[in-house]
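Once you scroll down, you'll see the structures, which are given as structure tokens.
Presented sequentially are two complexes of subunit A, the first with subunit B as partner and the second with subunit C.
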Partner chain A sequence: MTGGSDRKIGAASLSILFFNLTLAKYLLVLPYFMVGATGSAAWIAILLKGLASVPLFLAAAALYRPYVGLGLGELTRRALGRPVGGALDVLVAGVMAVRGGMLFRILTEAMQTLETENATMEYVALFVLIPVLICALRGFGANVNASILILPFTVLSVAMISLALIPHYSLSNLMPLLGLGAGPIIIHSFFRLSGTFEVLYLLTLSPKAKDYKTFKRAGLIGIGAVTAVSFVFALVYCLAVPYPASRNFFFPLYQLTRMIKAGSFLQRMEPTVIFVWTGVIICGLSTSVIAGSCLLRAASGAEDGRGFMPMLVLILFLVGTLPASELDTYDVYRVLLNWSHYFYIIFLFAVLIAARLRKTEGRPAA
Partner chain B sequence: MKIRDIFLYSPPVGEDEDFLLDEPGRPDPDYEPQMNEGGEELSGNYKKDKAVLDKALGKDLNGDLKIREFTLRLSGRNVRCCAYFFDGLVDKAGVNDFILRPLMLGSRSTEISSYSDIMNVLLVQSEVKETNTLGTLTFDANFGSVILLVEGLGKAIAVDAKGWKHRGVESPEVEKVIRGPNDAFSEQIRESTALIRHLVRNKSLISREFSVGAISQTPVALMYVQNVAGAQLVREVERRITSLNIDYLFSSAELEQYLEESSLITLPQFMATERPDRAARALLLGRVVVLVDGSPFAIVMPTTVFELNESAEDHYLRAPYVNMIRVIRTMAFVCSLLLPGIYVAVVNFHGEILPTDMLISIVAARDKVPFPTIVEIIIMELSLEIIREAGARVPTPSGTTLSIVGALILGQAAVSAGIVSPILIIIVSIAAIGSFATPNYYLGISARMLRFVYIFLGAVGGFLGITAGAFVNGVLWAGTYSLGVPMFVPVAPITHGGVPKTLVYPRIWKQDFRDDYVNPRRRRKQGIFSRGWKRDGRE
Partner chain C sequence: MRKLAICLAAALMLGGCSHMTEVNDKAYVIAVGLDEGDNGLLKVTYLFAYPSGGGEEAGGEKIDEKDMVTVEAPSLYSAMRLVDTFKSKRIDTNHTKLVAFSQDLAEKRGIFSYMADLVNTRGFRPSIYVCVSQQAPDRLFRSMEPKQDVYIEKFIEHLFSKVADSGTSRAYLYNNYFSAIADEGGYILPLVGVTDSDRAKTAAEGYPYRRPDDFALNYTAEDVPLIGDGSAALCGYAVFVGNKMTGTMGLMEQSIVEILEKNMFVGQFCVLVPGTNKYANVDLRQNKRPEVTVKTGEALEISVSIELQGEYTGIDGAFRSREDYEGFVDYLNRAFSQKTRELLERTRTEFGADVLGLGDKAKINFLTYGDWADYNWKERFRNAVFNVSVSVNMSDFGELRFSPGKH
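What follows is the complex of A and B.
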């Protein structure tokens, strides 16, 4: 009876991990992108985006059923052969690192604003990447536990922000109801399925799930919870900040917090939410590093994936330093979100269909 | 000379090194430690066996070994006997009245026809055993028995006559309560097990005993309720205890360190309690309790962070009171851990969150202080820790002096001298009081230690630094296990129905189930309608 990071986890824990992983993106940048694309109807688009992810996930999960105990990395290698599957695993791990790097850069930019203008990005990065590495090295169990511990604070902070901004709400900010039109809403909810990427994470980490049922429930609960929270947040953003002014805020969570007037006690609230969003992003990044190391382990056939973790953290940092400015970071991230999902969907279903056609042997989860 | 000799120390070579053992670790035949576990047996020859016992018990070395030779009358002839015991370990009056007197005089007034009559008729003690194993005899002699060697018996008799001076059952020192019982464990393992047995009163209560320590042979009791505690848990604790390969063990605090999984994590992984009621409750909830002879604390295992934040009184208070107190206690712990760090972060990086008036008053108060905030706060924290440490060591009569000196230095003189600002005194005091409000002593120490880390992180990274530290701390703590049970269970990982119960202390009649994470054999601990007098058992 010893503890370990290799223990199986239940649907609630796995869905919270998924929730944290996705929420980092949904809270930090998505409202900004969606407002830019759909105008005052961003909240509708986010709701539809969440709903559209459900059939996609269910289809992927149905095809994935025999392979839950295997994990996406191992499945790719078995289904497509070692050279092709391994290369694809490395590619997906690389894309995960690039996306993580962008998220990391967005966070460090915000932190630089909040902490001190004199702090360099490298200095701020220390406070983000060291915890990411430690969390990843401590293993999946510690990562899940950290996600669970952060969750109440995240939900509480979103709820508090939503309530504290009530004086700023104006229904006229939601008008016109369809924003820039039904076309952009449909395109950005049904054809830009950025949630696909998080499904890849879930498939990669599926061997940690107790069984297929747990895995499926975790996915559905996670998608539902993320959609609910991000819908509330987007609605608050649209209600409190009129369009087109809302298009100019890079970091909506930060901007919304700045608008809160907490009387004479706490004059500025935004430093107090550092705890929450940094925690959420660190958790998300360390999950990303763990998933990346699982893929690289599968690709290389190594017994332990922890050796890849420092390298993946270094890649996060290097990718984060690539964009010349914050604006460039958002642009790159927007392109990644808008277009990379086609690659994920093609990759995902190609692997799953190939595995089915070649009758690849799976492994039950429990 | 070898190259490594330039860098590494080598013992001097020459005649003046006689003080060094030529072969370190080789036993000195003249001073060989007496190991109790020897499998050597008595031969049955009185003279030889006496010589063996003399040597084994260290007749020539031990000043407190008493040997009384006498004869008893058996089947009409005189039989030589010898009694060995350690002065101070036995009840001397009992030895005289109930061992020596019956043997020397009783055997002459009562007809004794066989050796079995010695045990059956003469020795009226409750615990008497025959053995010829030398290891058992030496252990018993060192544990308050009188060893009787009787000519012709072929074995020795160990008669229990424990009678050393010890503390009785007193009130708890650390875990005081108002409404609960006020018994505390004592150093005597037998008294401690009896206190628990008195509360549980069930045949399912098992107390398995082990000797730990090759030399000290310290009795250790592993207690559990057979039809409640999970078999795997009991087996694991037993495995860990019996696998210990150590020379001595004096305290449950030492045993705790031998049994825990992560020795470098600041979080205590077992709960120590001096209260029999708390230990009994833990047993009935499916935990295992370990007692060590010589230690007035029982170890409860496994435990969780949330249990470490419980006080002994919680179970005796009504649910609304407990919930309020727990919130206060949690806030106290958070303050003791983070408040000084947050103060440094606010002053150095995030002054904008404070109202302007308050910020001005803080800046004005700091105006005369020549040091940066971090130096100022470290001076105060270190002074406080020194005073606290001195307070724990100082003799009681000097305690008042220490309090006055401490209060004057910390409270007044430091401010007047412009070394620290008044608001800092408040911050440090709240943090210190917060650590006292933490029910678990080790958890309080942990907060005191980590406070310095958070002060440093607050000074170099503001809230971001503190967040990074808190995250790493959370990850390390959340990845710690107590006998395979995650320390943050039932919240992280989530177990069925555990989260609400942890966040809000339920009313006593709704506490229907034992925690599932300890895999109890009996999940339900009270009936569906625990309050039978209510029509439906509920409100």
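What follows is the complex of A and C.
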């Protein structure tokens, strides 16, 4: 297996890994994109997006049932043959690295701006990438432990923001209820920004699940938890910042934290919140690196995927430094989210259906 | 290997100390003033914190000329850079409490672009107070000499506390920015003036101001009888339509705005009792948010229903019978309704814009922004019909109902 021991993990641990992996995207960038696309109805769109991920996941999981012990990379290679399957595995690992690179750049810019203004981006990058690599090399166990450590802080920070901003809430900020219209909500919930990519991740990490039931439970808990937290956050953002002002802040988490002022004591919370979210993204990126190495290991037929990890981390860094500015990074990320979805969904179901039609043999999960 | 890793980690952590900045290395800006400069420039005044030594003499910070710097520059940023070059310490705006725009600047050039600059600058917090100053900001800042407060920043906080009790207050930078780019087309900002110490002499010679007709608060913003020692005071709201300041609201209107936004906890009103030349002092509380309903039909109809709780604190021999007493409560209801309607009518006719943000209540009637935009709120508001009802419930518990003594 890829790094660490071959010890299987339970539904709670797998769902926490999934939670950290997806939360960074859902919290750091999605509210900004959703408000831009749907206006004051961003909270509805994010809720629908989460709900739409459930049938998608259940359909994929039903088709995937015999192959939980294989992992998506291995299944692709077996179902489509080594040349095509291997190439697709490399392609998906590449897309994961590009997306991870954009997220890495967004975080690095935020850290540099808020905490180390005089340092270069590369210097800050070092503090993100080294823990990501160490965490990935130490394997699932270390990653799960780090994620469990971060989880209460994540939930607490969202709860703190939600409560501290109560004086800023105005129900009229949610009106008109459908924001820019039902069309944009449906397009962005079900097509453009949907959760297919997260399902791909889950399938890639599935060999770590004890059995199919664990895998399914982990997926549902993970999707539910991420949807709940991101829905609360989007609702808080829409309640506290009226549209059209809300579309001007492209880092809503930061702006909301800045708005906290409960007396003289509870304010200036940005550095604390950045610290928590750095932890979330480091855990998320290292899980992403593990998933990428799983795919590359399957494509290459190597015994151990850990050798691919430094290379993937380097790709994260190089891809992250490509956009000229943070705004460009957001634009690239938005294009990726909007359009790569079609590729993921075709890839995912093509592999699963091909595997079923060819009666590809699976491997027991436990 | 492990020891080497620990040493490396420690070195990285300690590396942070190489760029450390002591509190004393920075010049903290307490307030920023923006005024119209010559040749299209912007006159920017910085009021810096003057660290007092503590002990017995720390009871009040004296604002010295040296603590205030005024420069003229093309923009807020260039002004800051300019001051940074000749100030020995690095300028830090993270603790700025107040940004004051001069009335001249607000009327002639408008303030939105400056407000957007402030929002985009991380150094300025979302919760700093924003106001319009009747006088030039340097004069306003010079007048900020706290007598009852230990620090200037406390003085500023107390100055704005009446209009900044809630998170959505109109005194905060972000809320004003939100209002400025909203669809209603107008907004209001606290108006601050400097009390005129010269008037104190006039007052000693004889009260120079007109006798208030019904409410003792019926002063326009320009006419507020500020007699004092020359310190800053709130005197209503500055009204912005589009980008520029187009008018003011006086003290009574400020009170009505507080009531409409449920920002009034206790309001002391001195009301002329009809048919007499005596005043009744009334404390009013607001326990309930006003009900604002907007009917967005072909004709726009806005209904406001306000409930207030009150008690008499002084009746100055005004009531001689139960009828007088009950009649006065009716009068209060009518008078508050009239004042509120007058204010709303004024926004419609004189300012021609929904400066109080009533449009927020109307958006609930629309499903999408497209529908809301098609309704053309700005245009419809100019023909709106207002229905106002105010109900004042006076509490009698333990109070004298009728005036004692001779009448």
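We take it that the second predicted complex is superposed on the first by the 355 of 366 C-alpha atoms of A that agree within 3 Å, B and C clash if a C-alpha of one lies under 4 Å from a C-alpha of the other, contacts with A are read in each partner's own complex, and residues count from 1 in each chain.
By our rule, a contact is a pair of C-beta atoms (placed from the backbone, for glycine too) under 8 Å apart; a residue touches a chain by one contact, two chains touch by 3 or more.
The model shown is predicted, which means the values in this text are computed figures rather than measured ones.
Student: Check the residue A:128 against both partner chains and state whether it touches subunit B (first), subunit C (second), both, or neither.
Tutor: It touches subunit B, and subunit C stays clear.
Student: So which one touches more of the residues on subunit A, subunit B or subunit C?
Tutor: Result: the larger residue contact count on subunit A belongs to B.
Student: Applying the touch criterion given at the start, work out whether A:170 contacts subunit B, subunit C, both or neither, answering first, second, both or neither.
Tutor: The answer is second: A:170 touches subunit C but not subunit B.
Student: Could you look at A:259 and tell me whether it touches subunit B, subunit C, both or neither (first, second, both, neither)?
Tutor: The answer is second: A:259 touches subunit C but not subunit B.
Student: Regarding the shared-chain residue A:180, is it in contact with subunit B (first), subunit C (second), both, or neither?
Tutor: Only subunit C; A:180 stays clear of subunit B.
Student: May I ask you to decide whether A:282 touches subunit B, subunit C, both, or neither, giving the answer as first, second, both or neither?
Tutor: first
Student: Can you pull the subunit A residues that subunit B and subunit C both touch?
Tutor: Correct list for subunit A: 127, 267-268.
Student: Subunit C touches which residues of subunit A in the complex?
Tutor: Residues of subunit A touching subunit C: 39-40, 113, 118, 127, 165-170, 172-173, 175-182, 241-245, 248, 255, 258-259, 261, 267-268.
Student: Which of the residues in subunit C come into contact with subunit A in the complex?
Tutor: Subunit C reaches subunit A through residues 12, 19, 122, 125-127, 166-168, 174, 177-178, 181-182, 360-361, 363-364, 366-372.
Student: Would you mind writing out the residues of subunit B in touch with subunit A in their complex?
Tutor: 232-233, 236, 261, 349-350, 352-357, 461-468, 470-472, 474-476, 478-481, 483-486, 488, 491-494
Student: Would you pull the subunit A residues touching subunit B in the complex into a rising list?
Tutor: Of all residues in subunit A, those touching subunit B are 1-3, 5, 9-10, 12-13, 16, 111, 114-116, 124, 127-128, 130-131, 134-135, 138-139, 141-146, 148-150, 264-269, 271-272, 274-275, 278-279, 282-283.
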